[in-house]
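Both complexes shown next keep chain A, but they swap its partner, so chain B is in the first and chain C is in the second.
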Partner chain A sequence: MDYGLIFLTLSPEFVLAVAAMAVMGLDLTVLKGTSRIYRMTAAAGVMAIGIFTAILLLQYYVKDASFPLGMLVQNPLNLLVKKVILFVALTIGLLATEVRFTRNVGEYYALLMLATIGMMLLVSTENLLLLFVALELTSLSLYVLAGYNERSRESAEAGMKYFLFGGMSAAFLLFGFSYLYGLGGTLDLGSLGLALSAHAADPLLSVALILVVIGFGFKLAAVPFHFWAPDTYQGAPIASTMLIGSASKVAGGYAFLKLLLIGFGAGGWSGSGETITGWAPLLALIAVLSMVFGNLAALAQTSVRRLLGYSAVAHAGYLLLGFFGSESDAYHSVVFYLTVYALTTVGAFGVIAAVQGKGRDLTLRDFAGFSRKSPEMALCLLVFILSLAGIPPLAGFAGKFYLFAAALKSDPGHMGMLAAVSIGVVMSAVSLYYYLQLLKQVFVADPIGPVLRVKAGFLGRSMILLLAFCVITLGCAPGIFLDLITGAVISVSR
Partner chain B sequence: MLAWTIILSFAGALGVLLVPKALVRWVALVVACAGLACGFFGAIEFGGGPVSMSIVDLPWIAPLGVRFALEADGIGVTLVLLTGIAAVVGVLFSWNIEKRLSEYFAFFLTLIGGVYGVFLSADLFLLFVFYEIAIVPKYFLIAIWGGTRKDYGAMKLVLYSFAGSALVLIGILAAFVAAGGSSFALIDLAQAEYSVEFQRWAFPLVFVGFAVLAGLWPFHTWAPTGHVAAPTPVSMLLAGVVMKLGAYGALKVALPLFPEGAIFWRDILAALAVTGIVYGGLVAMTQKDFKFVIGYSSVSHMGFVLLGVATLNETGLSGAVLQMFSHGILAGLLFGIVGRLVYDRTHTRNLDELKSLNLRVRMPFAAGAFTVAGMASMGMPGFSGFVAELHVLIGAWRSVPVHGIIAGIGVVIGVAYTMKAIQTVFFTDAGDTDPGVETSPTYAPFTVPERAGVWMLSLTSLLIGLYPRILLDWITPTFQTPLYEGLRKGAGW
Partner chain C sequence: MSVSEPNTAFLWTIPALPLLPLLVAAVLAVYEPKDRRKASLWAIGALGTVFAFSLLALIGLASKGAGRMVLNFTWFEFGSTSLRLGWVLDPLSGIMLVMITFVGTLIFIFSTGYMSEDGNYRKFFCYLSLFAAAMLGLVISNNLLMLFICWELVGLASYLLIGFWYHKPEAAAAAKKAFITTRIGDLGLFLGMLWLYSETGTLLFYDGGNGCLEQSALSAMVAKSTLLGMTVSTAVSLLIFCGAIGKSGQVPLHVWLPDAMEGPTPVSALIHAATMVAAGVFLMARVYPLISIAPEGVAVSGGLQVMAWVGAATALFGSLVAIGQFDIKRILAYSTVAQLGYMFMGLAVGGVAVGMFHLITHAFFKALLFLGAGSVIHGCHHEQDIRKMGGLRKRMLITYVTYAVGMVSLAGLPGFAGFWSKDEILHSAWSWPVSTWPFWIGLFGAFLTAFYMTRQMAYVFFGDYRGGENEPHESPINMWAPLAILAASSCLIGLAGTPFIPLFQSFLDQAPVHNHWHWSVLGFWIVSMSVVAAGLATGWWFYGVETPKRSTDPDELEARFPKAFGLFAARLHVDEFYRDSVLRLPGWLSGVAAWLDRKVFAAAVGAGAYAVLILAWLSRFADEYLVNPGFDKGCAETRRGARFLARLQNGQVQEYLRVIGAALALFILVLAMGNK
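Right after this comes the complex of A and B.
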């Protein structure tokens, strides 16, 4: 085995790991005893350098490669998704400097980066075993990140809930993987797909499928595995929420899609009766439940972060609809949507972080009169929220539209898919109601108490503006990014 | 040239946020006038005939076959002109807005830009994008600057609009997939030859989805509450152009794409439209609030548009477009008079209170203007309303005669409630009034922007009434374009 090639392929992850060590080392030695703002800035700076280097490496240095048993697969599409994750993690790292809630700065940033490494591995492996290991690396870092604020009960609750549900679903997932291994006799997704499509229909396969769906359903916060989402979104330190709600969704969603498309065979559903008909009905059910429940539950929320938590549940539902597209459409729509969703989510939470400081949880009413105090941040919030609601010409609309179109195109004339998409469309109309409740406070309502003040500095503000710019650009000219995906998909589709 | 209407409006929306407050009104006025001018010269450039003129055609979202394609046809330019006029008058009537001025005009011009976009789109995806862009600003315009029950009115309006556009979106997606999933161009979709069963269920989805915004009975209830809640210039715009978006969508998307569906559902649609005409008229008659009278009259008049659409023949369809134009002008005028000239000075809209104010003597200009507008809207020959409703009724007589007769009764009801409003508010015998009122201080004189707006709208209506061919020469040939080929074949003309 060529160890040099492995190192080359993994160099971005390696750079990040070094940066994580460096952050911890610096924080314990040179910066010990200095004020928190220095330590925060230094840590964010090191993280930014690490991520920049990693992105450059991905862009210019890392070559396409594939290692035995699908342990590590480096292809253009994986690289693209990794770059998205890195970019999102970078914005989160920089935004996190605005929320100075902890004294253990070095460890916090190190954990952010470790989680990011986990996600990158998750994206680039096509092997059941490494998939699980990468997922655990991500999850374990995220559990700690969620419960990181040692002085907050809510943070502790958030971490605990996330950990308990996460641990349980990881167990299910591993159990499911063991069945898959038993049935296919291999850990490599590609050969597994071949083995399974040759296999006769088997109840054990359905069991394995359900177990796998439970595992990833948790990651995506799809109903009925969503119970952690509102509490974690609300209680965790806000930078942790951003990571859980964005980059972790990108990695989890993409890995799930690959597992289903490759591992269960691309043509493994619908029509041809003798092959695996497993995942379509199950996934459609989960998608519909998520869209309906997430949106209806969000209607009743008063806490902004909780509201976004339930809206995340709904968005997991929309996302799953894209899985039904043809292979090319599924990759296109899911990757595009995940990217857009991640950027929008970080942006929306970024605005909350910018006004929240280390203060209490914000309710809708707290935002009353916000637009008159800080018009440009209010405008950014408008962009993010309307994008989540799927209003053109913002990116969220293009993303959702593509998901729906992909799902319908997969099977024209099939009324079941039309019904699922119709529910999605109707539910996004419902979602507008609660998104407007927030915007109403921001733009319409007169302030009752003191109006929220933007506490973020220049860095935080410019990150938020940058994200808003991305959301608008991706909405007005989705072609820019879709062309990248097209190029990548062509090179990977077999 | 026509593309500039859209670009200028959106640029203007951004511009008013950046210029000093003293200039905001003027910037908005210049942008609106420039939009009207571009629309006017663009219309001349287009020149008429059974063709459509491509303005812009660029690839946009390649994997879905979406193109950024703008196109002008006779119906489009007619409605672009209407939008231009409504925008200019709307800005004039917004002259006295003080609260959060720049934001107001930013939302206002965004709405206008979206409306222009809808009327010029040749790609269904693009049309839908503009359609949605036009919806969101309405919420803020009503919720921030509105009056009576503004929260309720704004939310109701937006939720109805979005429920409608959700139906449309489902229909669009289904049509796109059924047509092969490679193009969103209206013409491609219209020539896709869907199965009859598909057309029969997709048509009502798209038609009703659009028609919600046109005030189709029984989905009209957002209209009166929304109009009453909105500030005056926004009600003028809502009734003037936004309701036309819905009718336009029904005419430009639902009919050409699903002609078989349209023929199948014709009688039911005509029945709904006629119910709207009669019901809107009867309810308008019983209202105590002056603005609600106009609000319900809008539902009634939009019923004529929908009836015209449901006739599926050339006369009726042309009448529908003409009525869209005419109602756009007249509803704007009526709302302007009621909301600005009268309400802002008397501070009451209650008919019983207005009765005692002797407005004929104290506001002769408003009395005269409202009488003219009322006469025009009830269908007096010489004004645009007459020609439009006549076309619709002739068209209806040819294809759905029974509905046509009931709609004729609707015209009579229209005369009744309009006369009642004119008589009650402006011409109640001065002897009935409290003698003390005469001596009370006079109302503020009408400003130049107000007078300019009123004259502009009244003269437009008169012009179209006296010489309807200006518009009909554009509108009628449009139904000979390839887009309506399926409809022509199906309906046999």
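Right after this comes the complex of A and C.
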């Protein structure tokens, strides 16, 4: 085995790991005793340098490669998704400087980067064992981050719930993997797909599939594995919520798609009509449940973060619809949607972070009169929220459009997908109600008591503006990003 | 003509040209600067900058000898279908860019004086900038859809600006008329666009061999025939020509253009003389490959024949009607209609270069004439009737001199811009294989043009002032300076396209410059010069020798030929004809609809209201005695159910985890059932 090549391929991850160690080391030695803002800025700076280097390495240095047993696969599509994850992590890290939620600055950034490394590995492996390890590396970092605010009971509770729920589903996932290994006799997804087609009718395969779906359903917060989401979104420190709600979704969703398309055979749905693995009806059920439950439950929420938590459940449902497209459509729509969703979510939480500081949980009513105090942040919030609701010309519309279209195209003759997409469309209309409730408070309602003030400084504001710009651009000209995906997908499809 | 590759990187900057004025329009739409002069300053600055860059682009294009540079990109894509937009920089769009921005900047500057007392100063510049942005976007589009979007946007800007003084009922009506009349033509354009798309599968003009104006698509379309034995290419191009007829005020959709003069005069100069109305000519020049392609054995395609006849008819019609008008701007408006007819005729009989050359020269001298008219109107305290002017030669010297330059350019006196371009059209018309009638009509039109312009000059600038007490005054410098610049360029621009060194034509056709001079040209010159001289002389004999003394004096021509003059003055009764024919049906239908609304539907609604009242009474009864008790019970049940749901999400992790287990069992059941 060529170790030099391994190092080359993993150099971005390696750089991040070094940066993580450096942040921790610096924080414990040189910066000890200095003011928190100073430490925060320094740590964010090191993180930014690390991520920038990693992005540059991905862009110019890392070559396509594939290692035995699918341990590590570096292809243009994986690279693209990794870059998206890195960019999202970077914005989160920079936005976090505005929140000042903890004294343990170094560890926060170190954990952020470790989670990012986990996500990058998750994206680039096609091996069951490494998939699990990468998933755990991500999850363990996120558990700690969710309970990071040691002086807040809610944060501790959020972390605990997330951990217990995650641990449980990880156990299911591992159990499922063991069945898969038992059936296929290999850990490599590619050969697993071939091997499993011989066991199409095996009930054990169905059980294994369900176990795997539970494991990833937890990551995506799809019904009925969503219970952690509202509590964690609400209770965890907002800097952690952003990561859990965006980058982690990107990595998890993409890995899940690859697992299904490669491991369970792309023909599972669209090919012969005979569903060899039967993941389609299962996923359709989960998608519909998520869209219905997430949107209906969000209607009753008063806490903004909890509302976004339920909206995340609904979005997991939309996302799963994209899985039914043909291989190329599925990659296109899912990668595009995940990117758009991550940017939008970080932006929406970024605005909340910018006004919240380290303060209490915000209700809808707290936002009354917000636009009069800070029109530009209110406008950004409008962009993010309308994008989540899927209003053209914002990116969320394009994303949802591609998902629905991919699902519809996969199954022109049958009514099943049409029904699922119709539910999606109807539920989008329902979601508009609670999204507009928030915007109504922001733009229309008269303030009661003191109006929210933006506490974030120049850096935070400019990150939010940048994200809003991205959301508008991707909405008006989705072609810019789709061309990148198309180029990558063409080189990947086998 | 090939798509040239070298150094196309700067093409990325081309969309900035329309975006800059658009930005100004957007800012002015929401933000009111404290000093209102700032609004005009921004607009002028933006358009001036765009002018500088357009000039650079044109010089770059000319010096490189590059034919056509296109940049296409995917706007929207799904699966194998994609919508691609793009922009194109070629001699055609380059020349238009420079003309629009140059004339536009001067007109913007003129407006600072003309509109200085208007209450909606900022709004005016906002609309003007919007117009400029849309017009520039139209010119650079490499996609018929994008062109159509901008086409509608200039229509919108035109509507807003014609109705700028919307408190005047005539202005509001004129705006509506312009919008609706052009919409009729646009319907044709839209259908043509759809047909083109269904035939070729693309709306990109040029796309490295796959565009709808390129060889493969064209030969496919010319090979197919459709209704009445037309080729598809002819049918599509005729539909597109409908749009041009509407936009460029050609017979029979010309009726809106003279009425559009209700807008402020700078608007008439910019939109209804120099740029927007010429967009139809530009569109036909853009799709020239489509309209001109003819099947084997046919010399001139059907599309071009129609275009030539429409142009000739309009040239004759506009020139005749212009004779009988008394409003200074309406004379110019009918003259514009006629000149646009010349342009279409030139396109049809002589090709892109001939038509476009007249478009460009016309843009300069007609903008000059309109601005001059604006200066006159401004000086005469918003009087537009030429019978109430007179003798302004002494009172407004600069306006007089510049107006005279515009007038002789339009009339086609040798050496001035209009001479070169009009003569080329006539020359090409003479050798048109189909018929020489357009030539004779054009020649007669030239006579009429010289005649009515002399009449106008005599009425406005010679004799004694007939306007009463208020003495007219010369306009301020920010109004006469643009006039002077335009007058100078009107003299010079013609030199770019003389038969000796036809720079303009060879640049457009991408052919090497060579001398077109031939002794036969001299013959044409003599003919056209004598026709123009005859027109000038007749005009002077009628109006110049003895100018009218009082504003109530009858027109000289009216005194001699009352019947003919009455016909011209009434614009050949076209408006009345439309009112009594085409508009009858909608009028009758709306009467029927009104009657239905008032009698039938009102009765139905009334009956419905009573029915609802009765129902409401019944329902109240049912509510109080039947539903309410049941509803209370239902609510109690729902609350109990909600408590159950709340228990699901009660924060107890154990419960949550149990759900996972339950889900596992449930899903296995589902799959087991489903796999059967």
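Note that in this section the second predicted complex is superposed on the first by the 487 of 494 C-alpha atoms of A that agree within 3 Å, B and C clash if a C-alpha of one lies under 4 Å from a C-alpha of the other, contacts with A are read in each partner's own complex, and residues count from 1 in each chain.
Methods note: a contact is a pair of C-beta atoms (placed from the backbone, for glycine too) under 8 Å apart; a residue touches a chain by one contact, two chains touch by 3 or more.
As the structure is a prediction and not an experimental result, all values here were calculated from the model.
Within the superposed three-chain model, A:Pro203 lies in touch with chain C and out of touch with chain B [touch as defined at top]. When both complexes are overlaid on chain A, the residue A:Asp483 reaches chain B and chain C alike.
In the superposition on chain A, A:Leu111 makes contact with neither chain B nor chain C. Look at A:Ser422: by the touch rule set out above, it reaches chain B but stays clear of chain C. By the touch criterion defined above, A:Leu285 reaches chain C but does not reach chain B.
Looking at the shared chain after the overlay, A:Leu386 reaches chain B, while chain C stays out of its contact range. Once chain A of one complex is fitted onto chain A of the other, the partner contacts of A:Ala368 are absent, as it touches neither chain B nor chain C.
Using the contact criterion defined above for the overlaid structures, shared-chain residue A:Leu403 touches neither chain B nor chain C, since it reaches no partner. Chain A residues 329, 402, 405, 409, 477-479, 482-483, 486 lie at the interface with chain B in one structure and with chain C in the other. Within the complex formed with chain B, the chain A residues making contact are 329, 332, 371-372, 386, 391-393, 397-398, 401-402, 404-405, 408-409, 412-413, 418, 421-422, 425-426, 428-429, 432-433, 436, 440, 443-444, 477-479, 482-483, 486.
The touching residues of chain B, counted against chain A in their complex, run 59-64, 100, 103, 125, 128-129, 132-133, 135-136, 139-140, 143-144, 151, 155, 158-159, 162-163, 165-166, 169-170, 173-174, 176-178, 181.
Interface residues of chain A facing chain C in the complex, by the touch rule stated above, are 157, 160-161, 164-165, 168-169, 172, 201, 203, 206-207, 209-211, 213-214, 224-225, 227-228, 230-231, 278, 281-282, 285, 329, 402, 405, 409, 477-479, 482-483, 486. Chain C meets chain A in the complex at residues 73-79, 82, 648-649, 651, 653, 656-657, 659-660, 662-664, 667-668, 670-672, 674-675.
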